[in-house]
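The letters A, B, C, D, E and F name the chains in turn, as written, and every chain counts its residues from 1.
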Amino acid sequence: MNQDRFTRGQQELAKIHGHIGEGVMAELNTIAPDFARLILEFPYGDIYSRGVLSSRERQIATIASLTTLGNAPKELRAHIQGALNVGCTRQEVVEVLMQMAVYAGFPAAVNAILIAKEVFAELDQRT
Amino acid sequence: MNQDRFTRGQQELAKIHGHIGEGVMAELNTIAPDFARLILEFPYGDIYSRGVLSSRERQIATIASLTTLGNAPKELRAHIQGALNVGCTRQEVVEVLMQMAVYAGFPAAVNAILIAKEVFAELDQRT
Amino acid sequence: MNQDRFTRGQQELAKIHGHIGEGVMAELNTIAPDFARLILEFPYGDIYSRGVLSSRERQIATIASLTTLGNAPKELRAHIQGALNVGCTRQEVVEVLMQMAVYAGFPAAVNAILIAKEVFAELDQRT
Amino acid sequence: MNQDRFTRGQQELAKIHGHIGEGVMAELNTIAPDFARLILEFPYGDIYSRGVLSSRERQIATIASLTTLGNAPKELRAHIQGALNVGCTRQEVVEVLMQMAVYAGFPAAVNAILIAKEVFAELDQRT
Amino acid sequence: MNQDRFTRGQQELAKIHGHIGEGVMAELNTIAPDFARLILEFPYGDIYSRGVLSSRERQIATIASLTTLGNAPKELRAHIQGALNVGCTRQEVVEVLMQMAVYAGFPAAVNAILIAKEVFAELDQRT
Amino acid sequence: MNQDRFTRGQQELAKIHGHIGEGVMAELNTIAPDFARLILEFPYGDIYSRGVLSSRERQIATIASLTTLGNAPKELRAHIQGALNVGCTRQEVVEVLMQMAVYAGFPAAVNAILIAKEVFAELDQRT
């Protein structure tokens, strides 16, 4: 059963983050392998795989939350990329981040938008 | 032009919050009337009215943000109701709040879900 | 296997919170039963049951974190009680909360100490 | 020397909060007397008494910070009253809180303004 | 009318940040031009231009808030510079940041003071 | 008496941080010497030296708090090192950080664990 959660988690991770997710997992694996496993099992295996919301809606909620936290730029970067991977347009991503100015303040929104700018620039360089 | 923003803001406020939004505005109006006006003009008139995202997606982002903040129970209550008003199901609202456990921690998610429970109970009592 | 996690989680919950933990679970169960189950499985079944740290040390870490968050008074109350249940003295609990003035500011520490005062008063009334 | 800090702290506390400050100190004193003493010694005795900024400017900074924290309504209430005590007008207090919408988001500003409204109403009732 | 807000915003931005503000605006402009415009219109055009408080008092409130947030070092840097531009002394800026140790904790205050140190050093190098 | 607090603070600082603590103090000393002194006097001289909790338990509380704040990586780094200095094992440190996923969310825990990884790697390089 835990194996199911782990496998479901790997599938969700791959769907949202592609190969990049594996890198973070590998980085965590050398210091806290149990925690790397729990990340696959709980957020990805237990939560993201539940359906009810579309992958697109879940990424909108996640980038809203990470922008509000304001102290997790690496995760925000990963989930901006993830939002694009599951079907959000760049304009939609920026729109969510702009809306966060209302709830989390302008610095949170500005910094998130500048992170999105970097993500988009990296994507443009790859192609 | 500002009149346009104000009018657009009133329309967005009515769409999301119905008559309840007017109450908060009236409460603010006696102490900080300029701020009451700015709330209609900026969050509702400038941001919510921009299109790009659906009203439903915007409310998902907002309840994700307010759950993450964890210190704005009145606003969360208003936007859980707002999410239902623009077409989210109760199950979808709860699902967004559950997902926040991953990013903002379990206490934030639990407290948001208990607020949703109160909102749903009030709605059931009215009918 | 998940059954194991659930059972381990129930045992940890009982050890830390006694019968009071069941009340919160019951309250969540009517609105988000899957989330109630996940709380037993992940925080209690996956994390608290890991050993490595003593129950006492884990509750010290938890009340430090909840004091720092500053917006989860119900959880802080439950874990102050939990800290006493697993062997911390009242003086030790207050000492952790005082130390948080350094990292999270005086308002966070003061409010946490006033919550501890309420918990201690309730315990005194029961006896 | 510590006696000096304690005495300076008492004077600053009285200047900012009047007799109300003594109530909070008394409440803390029964549970954490050392912490009550440290509050007089450090924030009031070491920091507020330093000069450099006017009492008025210090209260502006404090209500800005407490509004930004968003989870310390009792302290915010005390320092809104304190700001009035050291010479801020009601309009100036509300103006600081409004400005916080920019940095801490609208919910933080709205909730702070509604607290100011309560403080002002209590003052009006006393006269 | 919006043109008025925009123009007022530009004037406030120039008064507080000098030419440096234009750089951030230009950076945002390539990714989210509407948001760049809204920053001029709302924080600078609607809020900072309201009078009531002096520019000096407004910057004191802002650096207090940004220090409390603790996750917006670029904005803090810009407003420490802004505080100096509108008449605060270096000593006064540091004094506000020190006071934040009381409300937001020592790490927030220490990190803000080290940012102020960098701002002051850059200013000294220019002359 | 203040001299006592200062001396006690120096001893606690040395016990927890070794020679590294002196570096931060020196850095602060050039910009805000009074604040550098207050850090020795209040957190280290007044709080850490109180006994009641073991040094080990105090560092557990501190790294829990700093992980929860999520915006003080330098302080977290210093106190992870400090936790090891007063007798925590690496595994115990990581275990506290993992537990914070429950209260402060996964991004906070992941980022703290990656900081611990860097601290451990630096220690390994020195030997």
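Some observations on this one:
Throughout what follows, a contact is a pair of C-beta atoms (placed from the backbone, for glycine too) under 8 Å apart; a residue touches a chain by one contact, two chains touch by 3 or more.
Quick caveat: nothing in here was measured; it's all calculated off a predicted structure.
The chains that touch both chain B and chain C are A, D, E, F. Of all chains, the one whose CA centroid is most distant from that of chain F is B. In this assembly, E is the chain whose CA centroid lies farthest from the centroid of chain C.
Comparing contact pairs by residue number, the interface of D-F is reproduced by B-E among B-E, B-D or B-C, since over half of the pairs coincide. For the pair chain A and chain B, the fraction of shared interface numbers is greater than half, so the two copies use mostly the same residues to meet. Averaging C-alpha coordinates per chain places the centre of chain C 39 Å away from that of chain E.
With each centre defined as the average position of its C-alpha atoms, the distance from chain C to chain D rounds to 30 Å. For this pair, chain C with chain F, the centres built from the Cα atoms lie 23 Å apart. Touching two or more other chains at once are residues 34, 38, 42-43, 50, 66, 69-72, 75, 98, 101-108 of chain E.
On chain D, the positions that touch chain A within their shared complex are 101-108. The residues of chain F lying in touch with chain C in their complex are 42-43, 47-48, 50, 52-53, 57-58, 60-69, 72, 75, 91-92, 95-96, 98-104. The residues of chain D lying in touch with chain B in their complex are 70-71, 94, 97-98, 101, 105-111, 113-114, 116-117, 120. The residues of chain C lying in touch with chain B in their complex are 24, 27-28, 30-32, 34-35, 38-39, 43, 66, 69-72, 74-75. Those residues of chain D lying in contact with chain F across their complex are 1-3, 5, 34, 38, 41-42, 46, 50.
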